[in-house]
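One chain, chain A, appears in both complexes that follow, with chain B as partner in the first and chain C in the second.
Our next item is the complex of A and B:
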């Protein structure tokens, strides 16, 4: 009984809680997370190449985007194919507000983020309200239809969106390419570097917010709904409201990230912000990393983006190493083929994604002890 | 004067296409009693439960809870009013730990499901209450296991625990011992008896084990082909020739 007071022996649940609290600074994953944050923070100092800095920030952006998709698909069990669309909304909001209708000022930048978030939240609520009550497949199809439609609009309304060519917004003040503030630790502090750190901090903040979201009582309820919706309903939970909150939350996070993406690449077009290819990438990343893990996105984004950046260089390596052999040069050209093989191997050896499978193995080992 | 019935149905009917699964059933369930519903397979017992708990909407007729018409309310809304149900096929959260299964029910009962700003482990009172309930259903040693790893009988105990956590005024128990081994049945009967003796909960039980029904029930209703053919004390029901023919007779002809 709980009323027995402090003299009563703690139940196993209380004991585990006390243990968890005492061990919270001794978790290996805590230091892994800190090390990862440090790696991202030190990248501009340690990696002088712009290509590598670009890769690092894109990994951070996509890892966070995948995590926001994971909140929806992995933690709530809602299959959406429109997640990249909200990312595109955020990106286009920045592009339109700064590059087309407004000017490169902080005010328009803030307005862009506010609009991106509001439009995404509103559309996510509308789509959810009309199609979440129906079966899961229907929601997937509806979101796919909306994503396609958004893409077509962005291409067709070229007087608004710049069509296929897109928009290249200029950024204000400290984000501008021309901005410089001397050298710190041997690094030129220019608009690029400032943007890198601001976007990184936003990614970090969003990641922490999502982590709190999925571990809160609300997040636990989402996992219950994913596991057995009928049972959750029979406990008295309005499952529809919870699903609506989850899908809208994920969409809003995606919109913020889209805005950050546009700030980083300083360019928005249908292919880079709204295409189905981005959705497929996010899907691949969440499968590689593991659904329902949140951190899987980091592995998924790192694997996919690194492979995509470095594998095309294989050809150069091939030409260098086998100058005489045309067959070997040809083989190194087919980098997509190797990526396909890599993906199959990951799915084969990590059926629940890298993080998901590792977690499962660890918890099984703990249980065996 | 008898007290107002806790749950009443009036002419409750549901049709699936041409098939009338529940046919004009008018039944009263008195507060703090245990009423069993028996009848041959396909008599409409589970369908009747689904109408009470809100999984189905009736074609005709009404469901009243404490005199209030709840016919149009969803299952979730009825649970919040105090009608909790268990399912014939085990219905738990398989990929979540045992304690979490019950904790979610405690969280639902205390209306804390929408809290989002704090870590769920920062609400220790929910976990402690869930553990207490696991002790009641004799499952405390498994608190850390995944629900999917439990034996069948343990899953039924877990379901009962989830139901207890809701602190519902009415428990709808749909064959709580279905598929259980003989050794496991007495534990469940003991649990139901313990709840019954608290005299603060009304229990509606669908069960095939007739000796268990006769021993536990305050009253028994008999359904056949969707119709209510008898309603009375266990003694009266076991003596009723109509019931003998419809229900007990089925087994007798086979013997």
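Our next item is the complex of A and C:
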């Protein structure tokens, strides 16, 4: 940057970038990120159990999905309830292209992702075009209506989507269940493991892309709009266009992740891909982790998915402890109730989430020093 | 709105070209009833938004609570005293009235608690309002599942409101007529309350400029609580009427109607009561006509109307665009 051109004084943004770049290897967060990546990469080697692999990859997938949602809600400040719908589009694209209409070949797999991305981008643009024009609040209501409609369609058009039963796509070549290629480092290399690593790499790549996106000048503009829309508009930014770009970008990432999800679980049905529950999960994850942090998704996804995995055991304890009372049994069964209470409490008392709070504490300590 | 009424009339009469007149009348009555029931939900939503600038996602849960409270009252009185099965019109009407009263009272109380505890700390922060009322929705729906169980239940309908009248070979169901009358009464009631009373004056002023009302020495927060409670009661009324209309209650019924109400409120314009009446009637009628002509397209018709209106008028038919 400084080598070309005369040595003009750097702008504040450039100055902060230069400072950041100099301190890059001294920051603990870089090593934390590397360690996290290594943990995800080594999990199948160190602890070869399918349950753990499944949990790890779902955490990676949802962490990236939450980050893509964070781009929309945390960095741009618009609430969307259609994010799970775009996730579902990606999943259904893979399911339909490989399972229902095409064949398990790489060509159809590529086509599925292309279709999922294209449809999501087009729909996100259309929804945004007529709902973001007036106020961002409309966006929340309209995306909710569209998400519900997509769910109804997926259930009702059963000749196309398989209805409630869903679709089980078969994957081509190295992703297929039957694929094996001996042992590497004591781990069976089969279709599952290959899928794990491919999806993990996709998640990582998407995460880096999003990190680049929110730290770009465009991302800074988005944050300006979030903080003060009128002011951003007064400065000459067409906020509508920027909000549109942001929501479409988030939706496209969600569609890719949906495709990856379908590749991993090899099954798509309305409840697992399109239901409002996924949207609520993602919302809670982003709030627990911290809005506008991108990395909060990792914590949110880890907490919620681990809790969800352990839940059946909890329920068993509940039935053991209160065998008689029906109301008490219902109380232990309705875990969604606690989910809702947690939701309210987190929004009230912990609105910055884990990462946001940690950052606040750290910056306060730095300022005191 | 100058174009709204002619468009509505055109939309009302156009299906006559494709449908036999008698069937058309039956469908129209059903559509008007459905529209009025949706209006009951949407009116509360739009009032709350207009005055308080709060988008209440918990409105659907209040709808379900109203339905379940009313259902319990009807069930209890029918089992103990047999009021629903008795042929007496008076007892039947009294039963419905008591159910409505109970549902509205409980919902108003719930609404007051919600406003005080959950909504008040987040005034002015749209995102947190949405999130926190969403959390409240989850909790309230789950409470319904705990108290009344997770399954659908059949609502006993008072005899007077069952069946239909046969007027000149046109079959007119009874309960939809009750629903239409009630809807019109509520609409006129809201309008008169807003136009003629002092409270209405202050609420209308608050919609225009809340700060100014406060400067004039009125505690606007008290009106916020009152309007929130009234809106909740209207949601509960809508829920109970819908429960009787569809003869069943389900814990998830509120969520579906919340989406209906959203669509209606967007069509009519956020904050406008008249807008939500027109929007609700459009949605109710269009749904019934389309469901008769092209059953497969019925679920999409509301969305289509909403998209069309938003393209023509981004703030909705009667929206102020604030």
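Convention: the second predicted complex is superposed on the first by the 311 of 369 C-alpha atoms of A that agree within 3 Å, B and C clash if a C-alpha of one lies under 4 Å from a C-alpha of the other, contacts with A are read in each partner's own complex, and residues count from 1 in each chain.
Note that in this section contacts are C-beta pairs under 8 Å (C-beta built on N, C-alpha and C of every residue); 3 or more make two chains touch, one makes a residue touch a chain.
In this text the structure is predicted, and so the values were computed from the model without any measurement.
Judged by the touch definition given at the top, the superposed model places A:12 against chain B, while chain C stays out of reach.
Of the two partner chains placed around the shared chain by superposition, chain C is the only one that A:134 touches, whereas chain B remains out of contact. Looking at the shared chain after the overlay, A:170 reaches neither chain B nor chain C. Once both structures are placed on chain A, no chain A residue is touched by chain B and, in the other complex, by chain C.
Only residues 55, 118, 121, 126-128, 130-132, 134-139, 141-143, 145-146, 149, 255-256, 259, 262-263, 265-266, 270, 299-300, 302-303, 306-307, 310-311, 314-315, 319, 321 of chain C touch chain A when the two sit together in their complex.
Those residues of chain A whose C-beta lies close enough to touch chain C in the complex are 73, 77, 79, 130-131, 133-134, 136-138, 140-142, 144-146, 148-149, 152-153, 156, 276, 280, 283, 287, 327, 330-331, 334, 336-337, 339-341, 343-344, 347-348, 351. Every residue of chain B that touches chain A in the complex is listed here, in rising order: 53, 55, 74-77, 79-80, 84-85, 87, 91-96, 99-100, 103-105, 107-109, 112-121, 123-132, 140, 143-144, 162, 166. If you check the complex, the residues on chain A that touch chain B are 1-2, 11-14, 16-17, 20, 212-213, 215-221, 223-224, 227-228, 230-239, 242.
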